[in-house]
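Just below sit the structures, each encoded as structure tokens.
Two complexes, one shared chain (chain A), two partners (chain B, chain C).
This part shows the complex of A and B:
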């Protein structure tokens, strides 16, 4: 192992977590919707990195392929076909600020309680892993153990495509 | 020796909780349908990350979680396709996709 490798790995992990967090914040806070889509794409790239750290390069590839490549591009097409910009945020009054403070306090209390609860129990330690979780093992189990859900997902996607076509086509006049 | 941050379950669970919180906040705050759809995608991602982290750290078979997350991604893609077609149909009828203005039902 080269010297400083653990430091480099930690730095990459911190960068990926920061990418995810910044992307998620951009996705929900920005006013222009196209920036929000960009935030979602950034967040998904960060998530792909997290999946890589969780030992699944296959899922990292799928995340980029499906979310960044398909979902974000489709949403951009939806943005181009409509005018989705957010209206200007209105000014906050004192009463609403007070209710917001109450909500934040409740959230903090819930977060604290859940954290205490999680630390009290502790997670079950990992037993010896029987399979290796490689792409080969994934393919074998998709074709044997999980073949029925696999086929059902393909059916769901087919119905979704047909339904999307039917819904988006109805109401369009000939001109 | 200290355990690195990327080898701890709690870190991933924290990130997933943050994504869920951001998604719910966006779902409440957004006034347009596309913004709400994006926030929904964040919630999906939070669930997928949770499943994957628990699978990596507590499950004996590491391929189960990956297949589950793959199914979640497929369902999210189907949801986006249907949602966007509904949005386009609504925009064609109302000339707007702000959730305050689209408030009538027919039929």
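This part shows the complex of A and C:
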């Protein structure tokens, strides 16, 4: 161990958390939609780092491969095809501000509840990593233990594809 | 010594070496490319700076560094400045898991192959951002092309890699190399007993690698003759230089990966070296790795100056109508072979 190893590790952890939070804030608060997507990508990289700290490098890399490499790129591509410029800044009406306040209140309550739960819960430490993380173990667990969630996710994707088709065809008929 | 051998410092030293490796590679591969282009077109290529032109990269870098970095007033300044960083960093991170020789790897990750692909996928995002942030019609066209090209070629690439994974059963790059020990007929390229179409698999991998690295004949991102310089049109000085460093870093990465996956990495292909050679074994392995890798890099340069740029529809048709069906077929064939004979 070199001196200050634990300090380096916590510094990296703080950096990753900061990346996640800053990315999320950028995604929500930016008016320029392309910057929002960049914020989302940053947030996903930060999340991948958090997964790595939780001891699952496979999930971390999948997060980057799928969310940064595929989802964000697809969103940017969609933006390119639709909206060329940033919208004009506009004034918020009283009604919108009221709804915003309600949203903030709900979020604060949720955050408070989750924090309470996280601190109060009697957490049980899981037995050490169940599978060895190899390709074989992963494939077996996906097709046996976790086959129902796996199939459900594929069903969700199928529904999404059908929805996209319906929307695209509807648009074509009008023109 | 005890401090130097600790993991974080070793990692730091390896990363510095990788940065130096990427920089030198970019500088001298540009020279090799220009020399090669000269030879293929029957002219000498750059030969004024230094003996035979070997100081040319130094002159190029000095010129790039001394130029002003201009940010167009209409552009998205933040993203415009960020894009060169985002394009270069992932390529360097990927090189950290590539084993250059026995024990000569910055960090051996047991999901190394996945790491290369996941960080490699950020490249598209970076070129997309640079194209969009430039606020230039050529840059935006180029960005749109880059996305459809990379999405199209990522599919056959991953299918080919899955075909290989079924026989290796691991994502650990060092482990994949160790499985190919012994004579050269143990290399995955020659393993016809597992995958009778292994050479075809390699050719698909190589084509996809060219397309993912945006190299001719698939250099739709730059396409000098139609799009000025595509996504890099508005970049000046070292901003432009960094994109080229990233391009060469991606070529080196792709060729390293091809060497590891198909040509046995640092294995000599002549059987194991005697154990008494000690540290020399690592150096000899490094030599073999670099020889194989640079042979592939030369092929990339050779292809660029031999084939004209394809049309965009030709590019997409090649992927969706030819490469994907063939790679799906090899995937099925390989799985049947493994099920029946292994």
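Definition applied: the second predicted complex is superposed on the first by the 96 of 175 C-alpha atoms of A that agree within 3 Å, B and C clash if a C-alpha of one lies under 4 Å from a C-alpha of the other, contacts with A are read in each partner's own complex, and residues count from 1 in each chain.
Here is the rule we use: a contact is a pair of C-beta atoms (placed from the backbone, for glycine too) under 8 Å apart; a residue touches a chain by one contact, two chains touch by 3 or more.
Treat the numbers as computed from the prediction; the structure is a model and nothing was measured.
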item	value
Chain B versus chain C as contact partner of A:25, first or second or both or neither	first
Chain B versus chain C as contact partner of A:8, first or second or both or neither	second
First (chain B), second (chain C), both or neither touched by A:120	neither
Contacts of A:62 with chain B and chain C, given as first, second, both or neither	both
First, second, both or neither for A:148, with chain B first and chain C second	neither
Chain A: partner with more touched residues, chain B or chain C	B
Which of chain B and chain C A:33 touches, first, second, both or neither	first
Touching partner for A:50 - first (chain B), second (chain C), both, neither	first
First (chain B), second (chain C), both or neither touched by A:70	both
Interface residues of chain A shared between complexes with chain B and chain C	58, 62, 70, 77, 133
Residues on chain A engaged by chain C in the complex (per definition of touch)	1-2, 5, 8, 32, 34-35, 38, 41, 57-58, 61-62, 64-65, 68-70, 72-73, 76-77, 80, 133-136
Chain B-facing residues of chain A, complex	6, 9-10, 13-14, 17, 20-21, 24-25, 27-28, 33, 36-37, 40, 43-44, 47, 50-51, 53-56, 58-59, 62-63, 66-67, 70-71, 74-75, 77-79, 81-87, 107, 118, 123-133, 137-138, 141-142, 146, 149, 153, 156-157, 160-161, 163-165, 167-168, 170-172
In the complex, chain C residues that touch chain A	3, 6, 8-9, 76, 78-79, 82, 109-111, 114-115, 117-122, 124-125, 128-129, 132-133, 140, 143-144, 147-148, 150-151, 154, 165, 169-171
Complex contact set, residues of chain B against chain A	4-6, 9-13, 15, 18-19, 21-23, 25-26, 29-35, 37-39, 41-42, 45, 48-49, 52-53, 56-64, 66-67, 69-71, 73-82, 84-89, 91-93, 96-98
